[in-house]
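Two complexes are shown next, each including subunit A; its partner changes from subunit B in the first to subunit C in the second.
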Partner chain A sequence: MEPKTPLGHQVREIWPLIILSIILFAVVAVIQSLDDRIISQSLTEGLIRLVVVIGLYIFVGNSGLISFGHIGFMMIGAYATAWQTMDPMTKDIFVPGLPAYLLANSHHWLVATIIGGLIAAIAAFISGLAMMRLSGIAASIGTFALFMSFYSLYLQWSTWTAGQSSLVGIPVTTTPWVAFWFCIVAMIGAFVYSRSKYGLALRASREDEVAAKAAGVNVTGERVISFTISAFFVGMAGGLYGHFLGLLTVDTFYLPMTFITLSMLVVGGMQSLSGAVVGTIVLSLVIELLRKAEKGFDMGETSISLPASSAEVGLGVILLLILIFRPSGFTRNAEIYWPFKPKVAVTEVTHRQS
Partner chain B sequence: MAFALQVLMNALSLGSLYALAALGIGLLFGVLKLINFAHGDFITVGAYALIVPSAATQATLLLGDFHPLILIPCIVAVVVILALISEFLVFRPLRNASPATLMIGSFALGFIIQNILIMIYGGRPKAVGIWSDLSLGVELMEGVEVPKLQLIIIGVTLVLMVVLVLFLTKTKYGIHMRAAAEDFRMARMLGIEANRVIMLAVAISGMLAAAVSMLFVVQTGILDFRMGVSLMLFAFIATVIGGMGSLVGSVVGGFAVGAVSILLQTFLPSEMRVFRDVFVFAIVIFILLVRPQGLVMSRASRERV
Partner chain C sequence: MLEVKDLEVRYGRLTALRGVNLSIKEGEIACIVGPNGAGKSTTLLAISSVLTPTAGSISFAGRQINGTRPEDVARLGISQVPEGRHIFTSLSVEENLRVGTATRSDKEEMKRDYDRVIETFPILGERRRQSAGKLSGGEQQMLAIGRALMTNPRFMTIDEPSLGLAPKIVDRVYEVLIDLREKRGLTLLIVEQSSERALKAADTLYVLRNGTIQLTGNAADLQDGKAVHKAYFGFSEDHEGEVMI
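Moving on to the complex of A and B:
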């Protein structure tokens, strides 16, 4: 059924966004109605991861380059946000190296999170200018090196980050609904970007770099733009994460986090927003189940439990199986499309292209 | 003069480790177009094979207690078998996938290996002292004393490189491998067996990883499930700044990264020394800005249209 009215056309245009928001809303509403504190905490963590995965999709999905470095931007955003919202009393103890303004003042968490995202975006812009000149695979290795250098910088920079110990005293403000609204904003951002002229140009370069260049696309420039935008969302997710945990350690933002977010994107389907959302939901469920199994099930008298870190091994095996048997992910890289198929295909198709 | 020689020896021995690791990565990239994120974990497994598998904090030597003539082939065998299993279970099913997919696949493989190591050995670092008398000094000339191990590292690296060059240029299989690295499809059409060449490359890469893990663990004396990752990272950087797909480039890049690290280590003021790695990365990024294609340009690195 083809929509007849202008409103109908608009609804059809943004259909993936609507359906994904509804799915997400349903998931959050159902889990919240259980009124279980532990489950609701896993939900918040999952939603924050979803913001990261959507941010990752903005770069990886549109450019076709794999980034191993986005968790570095998450870390930058997390610390930048925490510097603004921590209790000034604790700042003197943990991070005495901060500038005088930050030591004396605090911002509202929402303002702080947005500023944190902007700082991550600036870091991405500057490093992107260098990284995005590299060809595909070298750029991926470059992002990995970038990630490790951010990691070792923050680990040693103890007057600003408390180094190897942890930063405590961050107000806990991230509730499931806060995280939900950030997911919605990130989805809208990702959707609008990938359909903008910048997103389309980048997608063209993903399909055929040489042809896109020949058609006048500045590939390096487009990649830098999307790298920056994606780092903005990932950085904000970092801010949310700090305000979810209430404390920050540099080790939180290391390879396991990189691996989990990247596999969520790949398992769902790297090149579609629906893939990012579906992959995150499915793998979050799997991780929760495996973690439960690590703690052990009670089977009558005996309890059966999996050895520690089998959740990670399981995740790795799932990712490998997906890569081998369904490399385009659950969604086959497509968005969730308009469910009301036209009855007469040929005329309608020509109509749609006009 | 004596000081300069000391620094040179440090740079050469660190560069040797990076170059060996980079060669293992570069070899697979040439033949398979695979960026092997599991290479670091191959190195880690080689080191962990020295001790008894248990989660105890105190490490008990298993293979490490044997005579070197038995120990070394055993470690090499363990790593090569691991590499070949990886080839069968992961790389072969992904043979026709895009390089990006292969890369994620090897990343997943590395993550699995790391977590299996945690499962078996526990997550804490362990001390393991084998051949600790190798770290004793040898006097090279008046006032210059270097650990015996540094000389061994440099020597082993030189020998392995010469053997590898002879293999690649003088033997039938070596020439097959170079042909496959140059143009895999053409090589296959001319009758080179793809599977044999790839398995050979994987096995050689595993041998190089085993060599690195032996040298590295004798040097540091510590087992940590992440020990291979940092080595691999520098090796990656070495292959990128050397020029992807060029073996000479990998070696040049490895020594360059080693030299830069040691120079920074020596000449940075002490309070900045903890940021050494950050400076290394900054210099690498600068090199890439000037020469995005790497120091040594190879024909394979340019993509055909």
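Moving on to the complex of A and C:
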């Protein structure tokens, strides 16, 4: 394989990762330089969502199965993290059902977030063993059923989750830069996984399940691996989210969150990491702008504002347009191109048969 | 090298193969020809252990292989190029080749086999970053063969390599297959619809119809095509004009 400059090759191999990190860094740096608290909060929220979407991509993009269940793992991660970081004093009041160890101790938020992700991953692994035997639409409906079970469970489990009321007193530790670094880690994780032999085997099964099996790929096993890794990142994003809001309600992790994150992935292009990142950035911007417009702009004497819920309608319209005109998303499921033309380009044309 | 004795395969109540016998020598090219639904693909699937025979035996290099798992059959050195190629269209050419080695973990050998495949099919090397769906039909067939070669087989079965390809490209595919036998000493079992094509390429020809072998012979002795025609269609060429009921 063209061994001229090994470093150049390595750069080319991880090019999408490099360029996406640069884009993301630029976005965060520019927005942070505005020094506006409200905008900075929207940025943090967007970055946390990006971790969710990247997590979602690890499973959906590589397996080709749509999951409606990942926000359930986000919820599991969010609560698991909060249980560890809340002040022991408030735990007695809100979540008296926690085990004695958790009631008496608290962990650093970073440790807690990683453990929260691991707990979400364990939940995904166990449920995945059963769920991942399904294929196609049955698998998607299965993940939705799973999501509804988790949701109902957490809603009723009031001694651990405060049930229908909210869990307050979670330390607010998630800054834009914290969220940014989690995005970078999630991108590296997603990139390395999808190019590993496990990711490759799963992508092959996405293309042609029968042929992949014939090539010796254990399709169910590969799906479980991917489901677990993906839940780990989504669970950590849940942890970040709790430490961004400072409070948790079960309702936060319901259908709106599910569909917004899925739309971002679909709009960007489900089968590429670039798609996950681009989709999240673009849709977040659009949603923010529409929200702004709902509140109204002042133009001299008059103030123009869009009707309420314009953001949701706008999101729907964009999703429809993308599905009609560019069903494989902004990126057409490809990663961002290597910008330098390869030298073999000319000979390729002449070799083309039939 | 491969001995198939009294092979019987059923799909539910339907009997697809009723007593198929093959005897394939090391280094030869054997062709199975026959009309649609004769059981050609079924025979290949049974050999790679994707289907479990209801009766009969298959042995490879002196070892009985029916009843073993498909992965293990592959590990013994039998590789299959499936009908319709079944390449992974949105994966790159290189990734397609790497899937063929998903079950292996010896990196050194994998690299060596990869380089060898690229040497055999330079076009795949030039296009290794392209998505496989963008290759032409002929190139896709080369890729499917290349992928099967990645497991470093001694014996390869190819199901209808000419399917959906222009005659010129089919010529090229057969050149490649014959080359593989010459250069790598590979033993090949090819399923083909066209008896003419098969007679040109094969050392030994089997005509399969209705789940039984109608004719086995040295391809050199069958070149006039009459016996093959009779076995293939169930009537001889002289009666071609008649209506068969």
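The rule is simple: the second predicted complex is superposed on the first by the 335 of 354 C-alpha atoms of A that agree within 3 Å, B and C clash if a C-alpha of one lies under 4 Å from a C-alpha of the other, contacts with A are read in each partner's own complex, and residues count from 1 in each chain.
Everything that follows uses one rule, which is that contacts are C-beta pairs under 8 Å (C-beta built on N, C-alpha and C of every residue); 3 or more make two chains touch, one makes a residue touch a chain.
For clarity, every value in this text was computed on a predicted model and none was experimentally measured.
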Partner chain(s) touched by A:Gln156 [first = subunit B, second = subunit C, both, neither]: first
Partner chain(s) touched by A:Glu312 [first = subunit B, second = subunit C, both, neither]: first
Comparing the two partners subunit B and subunit C, which touches a greater set of residues in subunit A: B
Touched partner set for A:Val210, first subunit B, second subunit C, both or neither: both
Partner chain(s) touched by A:Phe125 [first = subunit B, second = subunit C, both, neither]: neither
First, second, both or neither for A:Leu146, with subunit B first and subunit C second: first
Touched partner set for A:Leu134, first subunit B, second subunit C, both or neither: first
Which superposed partner A:Trp15 touches (first subunit B, second subunit C, both, neither): neither
Common interface residues of subunit A - those touching subunit B in one complex and subunit C in the other: 210
Footprint of subunit A on subunit C - complex, ascending: 48, 50, 70-71, 74, 80, 82, 86-91, 95-96, 98-100, 102-103, 123, 126-129, 136-139, 147, 166, 168-169, 172
Footprint of subunit C on subunit A - complex, ascending: 1, 197, 200-201, 203-204, 207-208, 210-217, 271, 333, 342, 344, 347-348, 351-354
Of subunit B, residues touching subunit A in the complex: 35, 90, 93-94, 97, 99-101, 103-105, 107-109, 111-112, 114-116, 118-119, 123, 229-230, 233, 236-237, 239-240, 244, 274-275, 277-278, 281-282, 284-285, 288-289, 292-294, 301, 303, 305
Complex interface listing, subunit A residues touching subunit B: 64-66, 68, 127, 130-131, 133-138, 140-142, 144-146, 148-149, 152-153, 156-157, 210, 255-256, 259, 262-263, 266, 307-310, 312-313, 315-317, 319-320, 323-324, 327
